[in-house]
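Each of the next two complexes has subunit A plus one other chain: subunit B in the first, subunit C in the second.
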Partner chain A sequence: MELKDKLISSFMAFENNVDVDSPIHDIRTEAIKNFEDEGFPTKRQEAWKYTSLDAVLKHDYSVFPKHESALEYKDVKKYFIHEIDCYKIIFVDGKYSSHLSQTTHDDIDVCLMSSALSKPKYRLIIENYFNKIATKDGISSLNTAFSAEGAYIHIPKNKLVQKPIQIIHFSTGREGALLLQPRNLVVVDENSHVQIIERHQSLTDNPILTNSVTEIFANKRAIVDYYKIQNDTSSASLIDNTFINQKQESIAKVHTFSFGGKLTRNNLNFYQNGERLDSTMKGITIIGDKQHVDHNTLVHHIEPNCESHQDYKGIYNDSATGVFNGKVVVEKEAQKTNAFQANNNILISDKASINTKPQLEIFADDVKCSHGCTIGQLDESAMFYLRSRGIPEKEARALLMFAFSNNVLDSVKIPEIKTRITKIIASKLGVNIGFDL
Partner chain B sequence: MSKYTEDDLREELKTKEYEYGFYTDIESETFPNGLNEDIVRAISKKKEEPEWMTEWRLEAFKVWKQMTEPDWPNVHYEKPDFQAISYYSAPNSKPKYESLDEVDPELLATFEKLGISLDEQKKLTGVAMDVVVDSVSVATTFKKTLAEKGIIFMSISEAIQKHPELVKKYIGTVVPQKDNFYAALNSAVFSDGSFCYIPKGVRCPMELSTYFRINQAGTGQFERTLVIADQGSYVSYLEGCTAPSRDENQLHAAVVELIALDDAEIKYSTVQNWYPGNAEGKGGVYNFVTKRGLCEKNAKISWTQVETGSAVTWKYPSCVLKGDNSVGEFYSIAVTNNFQQADTGTKMIHLGNNTKSTIISKGISAGKSQNSYRGLVQISPRAKNARNFSQCDSLLMGNECGAHTFPYIEANNKSAQIEHEATTSKIGEDQIFYCNQRGIDTEKAIALIVNGFSKEVLNKLPMEFAVEAQKLLEISLEGSVG
Partner chain C sequence: MLNINNLHASVDDKAILKGINLNVKPGEVHAIMGPNGSGKSTLASVIAGKEDYEVDEGEILLEGENIDELGADERAHKGVFLSFQYPVEIPGVSVTNFIKTAINETRKAKGLEDMPANEMLKMIREKAELLEIDRKFLSRSLNEGFSGGEKKRNEIFQMAMLEPKLAILDETDSGLDIDALRIVANGVNKLKSEDNAVVVITHYQRLLDYIVPDHVHVLMNGKIVKSGGAELAHELEAKGYDWIKEEVSA
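Take a look at the complex of A and B:
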């Protein structure tokens, strides 16, 4: 049976386990209809021109894992940013793992989507924010239809959250191929500040497909710092849909580090619904083998005096393919917009390829919008310089590549993440040069 | 003198009427509306074409019937009814002329109004004109001089008669019949166009030029141009268009094929000023053109275009860089005003080693127009050391227009070096202030800035054409081009 049909018929089984009388369920029912009409995206769609899901969708994924799998902290510790104290929301095969997690209701809510959806005290927030900015395309609708579990974070006014929040999705895949659909909601009220780290980690060789939707609301003067670490196994694929709605003077930053996974697709959408706000998205992609990473970004400038910055670096080895499709839309009212977009790529092997499409759609005249994109190789003369000073070729190459991606790392605010990323980069490049890159 | 501001300019742009809108009353021979196999056959018969050409057209027609119009461009318009168009129209005075005296005086007057008096052109510019009015060549000059060099420059229908071997060998090799909807349509029904062949090692001594005009109400214009530069030759080809005012939309679906064999160079310049519709967005020409060039070893093709007209433009002059060390260039200025929509750009397909391409695109949007750049740079896995530089700049005048950029970059070889940059801006108040401060009034300042903005492209136009280009630019941006 086709995956699409299977999912549609599973929806009935899903209905048995959720409260069908809640208003949320109307949203789900509408979403499954949407998915039925739209289906999975194909290469015929402009936004998916360079990414085919065929290879990923051919597996017979189980939609509801039957067993709960327990994990020991010591076995998975390495996937945590364990050097610092964090709030933790941990899922194993889509189920909440209470003994790995550390949630809170003290002033702030760092807990589960399932309880947020069912408990009356969260109703107002859910009514105001749930599924308000997620798009109605096939893939997001599919997530909405099956939305039940995920992280729920609500930071009320004037709170500086001291500890970062880690969200990790483990998959043990004990039962074979597995489809996970986490649904996250992050609401940050006026003047508050939060840092979030998200990771998807497969612990199996069985195919795993994650279709995640995260809605983030940064209200007035809020600061949201979001880090996505994608360093999964070669059998795991991820479709990440993140939607960020910003109010005036807020700052939202998303860093995406893509180092692994069979297929990774990042749909990152910023909607600027307020004046004088700032959106930043940065990414480093270093992949090899037959991996495929697709960054699809959208910044929608709706109001005046806003800024957006995009900076994506990519290094592609072996038969890896990279895609960057960045879109900046500036509406008529969004005068004095300052939008900047850069995408730099290095191809290392003959079989690697990169498709990039930095797009501008501008309807306002008093704006400063620019984009730049380059594809090239490492500078031969710089290589020569390093080698003439006794640095072996591999290390010299690694140094240059590190320098190439460094300005993305520069804006990472949590030092432990920076260290972790540099270690991953060093291991990706297969070097150990005696100091932390 | 009252201050001339950007607002004034905008106002002036809005109300500026199409100056060259007039209609010459030449009795034309027109086919009934509609398109079917019989019409295709009839066109072919009318032109006394050989059997293979008729078959070629029919093949294209068969493919066309199964195709649908593309809807991916960033333009919105009422789809033309292809059965409501007459597919053939030719001026009645059929015989060819050797000298100007024989030409229909009314036609000559038309050219006079356009400012392209043949006498003047002949004497002053040394340009040989293959003048096309409604699809059939009526005057070809300088033919004899060209003939001495062995250069063939004639209408394509004449070429089909006189040089069938060349036409048969090259037609459809760069733009195949089934390439796209409009190319297929053109292949089936093309009425006329120009044919040019430069023999081995010959440097064409003058700029070759063709004027296109749409002249007959309700007549689609389907031009077909084929330029072949044999090994080591050089040619510079100019194409310019103006069209009279019309209320109903007119369709123009041309195909241009360029073939540059080893070491050859083709420079193809276009000034396009089809009727853009009036200030309310009524009327205007639909311009759906397929232009493509093929470069063999060490060859070079350079496209330069100044686009000021058409209600809807859909045009992507492209280069297939097949041979090693071949070079492709694209320089474009696209000006849109009122309700004009332009979706234009280029494709650079790098197939050979050490191939180089340059793209410079300048878009100026005013009024309620939409101006899009859409380009593709593709590096095939076997193309080593390919190099591309692209730059797309947009200038916006007023907050009701839009500027869009859709660059596609596909690199499949690690040795490729690609740079792309794009900017969008308006004329800065500080720039105007700087000029004012130095005693340059605002009108001149705007002229200066717009001129400077498009200079990189204007510079690429041949001398003889630059004047014409300026003149045509003025229609869209009067008061801003000094």
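Take a look at the complex of A and C:
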């Protein structure tokens, strides 16, 4: 049976196991209809022209994990930013792992989507925010239809959350091929500040496909810092759909570090529903082999006096392929918009490729919008300069590649993340040098 | 220290060096002078191991060892240093991190441990002082937005840190005002010892007022056509190169 048919028939079984009186019952039912109509995206669609899901959809994925797998913290510690105290929401094969997690209900809610969807005290938030900004395309609708578990984070107003929140999804391979569909909701109220780190980590060679949807609401003057660490194994693929709705004077930043996985597609959408707010999206992509990373971004400037900053750096080796498709829409009312976009790429090998496409739709007449894409190779004169100082070829290359990408790290506010990322970069580039800049 | 025998080198099949012979002993300063396009910078790059150049004939011996087949990094490990005429700007790498990496990679190649951080800091402070380099300067991106003088001082700072056996200074005086020239020359002189050697490549004599050479060679059309003592540099400054051209063609 094709995966699509299997999913549609699984939906019946899924609905039998959940509360049909739940406020999102109708949302799920509508979503599965959307998925039935739209199906999985294909290369015929403009937004998916350079990314084919065919190879990842051919596996016979389990949709509902049958087993509960336990992991020992010591075995997976390295995937945590363990140097600092954090709240933790951890899942193993799609199921919540209470012993790896550290949640809270003191002042703030850092807990599970399954609780939020079932308990009356969360009902109002769910009604106001759930599935309000996720798009109705096939892939997001599929997630919505099966939405049951994930992270639920609600920060009431005037709270500066002292500890970052880590969300990690582990997969163990006990299910054979596994489809995971985490659903996250983050609501940050007026004047509050939160930092979130998200990671999907496969511990197996079995095929894993994650189709994740995260809705983030940054209300008035809220600050949201979101870090995505994508360094998965070569049998794991990720479709990350993240939607951010911002109110006036809020600041939302998403950093995406893509260093691994078979196929990674990031659909990152910012909606600016307020004045004088700031949206930042930055990324470093360093991949090789036959890996594929696709960054598909949208910034929708709806109101005046707002800013957006995009800076994506990519380094592609071997037969790796990359895509950057950055769309910026500036509505007629969104005067005095400042929108910047940069996508710079280095191709290390002749077989590597990148398709980069800025897409600007500007309807206002008093705006500053800039965009720039570059694709190049490493500067040979710089290589000779470094080597003439005793730095061997491999290390010189690594140093230049790190230098090329490291300005993206300037805006990372958690030093331990910076350190971790530089370590991952050094290991990706196969060198043992400190990039302590 | 350095023995170059009948060196022929070309780039894209175009012959540039056409039989260079040069012997540099420890403790010596050699100056190589010559008009534009005579092959001076090519000679410097070929000694340092730039891969764009093809050595067609002859050999380069460093302390008796043929270094032709070695990469630029391996030559640096053996003590060759080239001060670039045009130092390359590398955004995103600070001067300090660059020099740390260079020193520790060189130590690694020699089977040594990394230099302890406090020792490194002390050395950086001393050498920066020698070249009158401000501490803030060291945290800037390598050569990015540096003035001509800052770039050259930074080159000599690197030389001071790496303590090479053979330093080749390629047009180090170009783009320097008189104060910067004095600082740079003073730095080079302080680093000079009986165990190392310096080859100064220059167009003009003025640097040689500060770094006094033991031998001066005139390079023309890929060959050394005349050698002499420090007085030859003064003669060239006064009379230009034409008289040598005539002498050679005669």
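By our rule, the second predicted complex is superposed on the first by the 433 of 437 C-alpha atoms of A that agree within 3 Å, B and C clash if a C-alpha of one lies under 4 Å from a C-alpha of the other, contacts with A are read in each partner's own complex, and residues count from 1 in each chain.
Here, contacts are C-beta pairs under 8 Å (C-beta built on N, C-alpha and C of every residue); 3 or more make two chains touch, one makes a residue touch a chain.
Given the structure is predicted, the values throughout are model-derived calculations rather than measurements.
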Q. Put the two structures on top of each other at subunit A: do subunit B and subunit C fit, or clash?
A. fit
Q. Which partner does A:407 reach: the first (subunit B), the second (subunit C), both, or neither?
A. second
Q) Is A:17 contacted by the first partner subunit B, the second partner subunit C, both or neither? A) neither
Q. Can A:353 be said to touch subunit B (first), subunit C (second), both, or neither?
A. first
Q) Of the partners subunit B and subunit C, which touch A:382 in the superposed model: first, second, both, neither? A) second
Q. First (subunit B), second (subunit C), both or neither: which does A:332 touch?
A. first
Q: Tell me which partner A:396 touches in the superposition: subunit B (first), subunit C (second), both or neither.
A: second
**Q.** First, second, both or neither for A:46, with subunit B first and subunit C second
**A.** first
(Q) After superposing on the shared chain, does subunit C or subunit B touch more subunit A residues? (A) B
Q: Enter the shortest inter-chain Cα distance between subunit B and subunit C once the structures share a common frame, rounded to whole Å.
A: 16
(Q) If we count contacts the way the header does, which residues on subunit A are in touch with subunit C in the complex? (A) 379, 381-382, 384-393, 395-396, 399-400, 402-407, 433-437
Q) For the complex, which residues does subunit A have touching subunit B? A) 46, 332, 335, 345, 347-377
Q.
Under the stated contact criterion, what part of subunit C meets subunit A in this complex?
A. 48-51, 71-73, 75-77, 80-82, 84, 87-88, 90-94, 97-106, 109, 158, 162
**Q.** subunit A contact footprint on subunit B (complex, rising order)
**A.** 72, 381, 394, 396-426
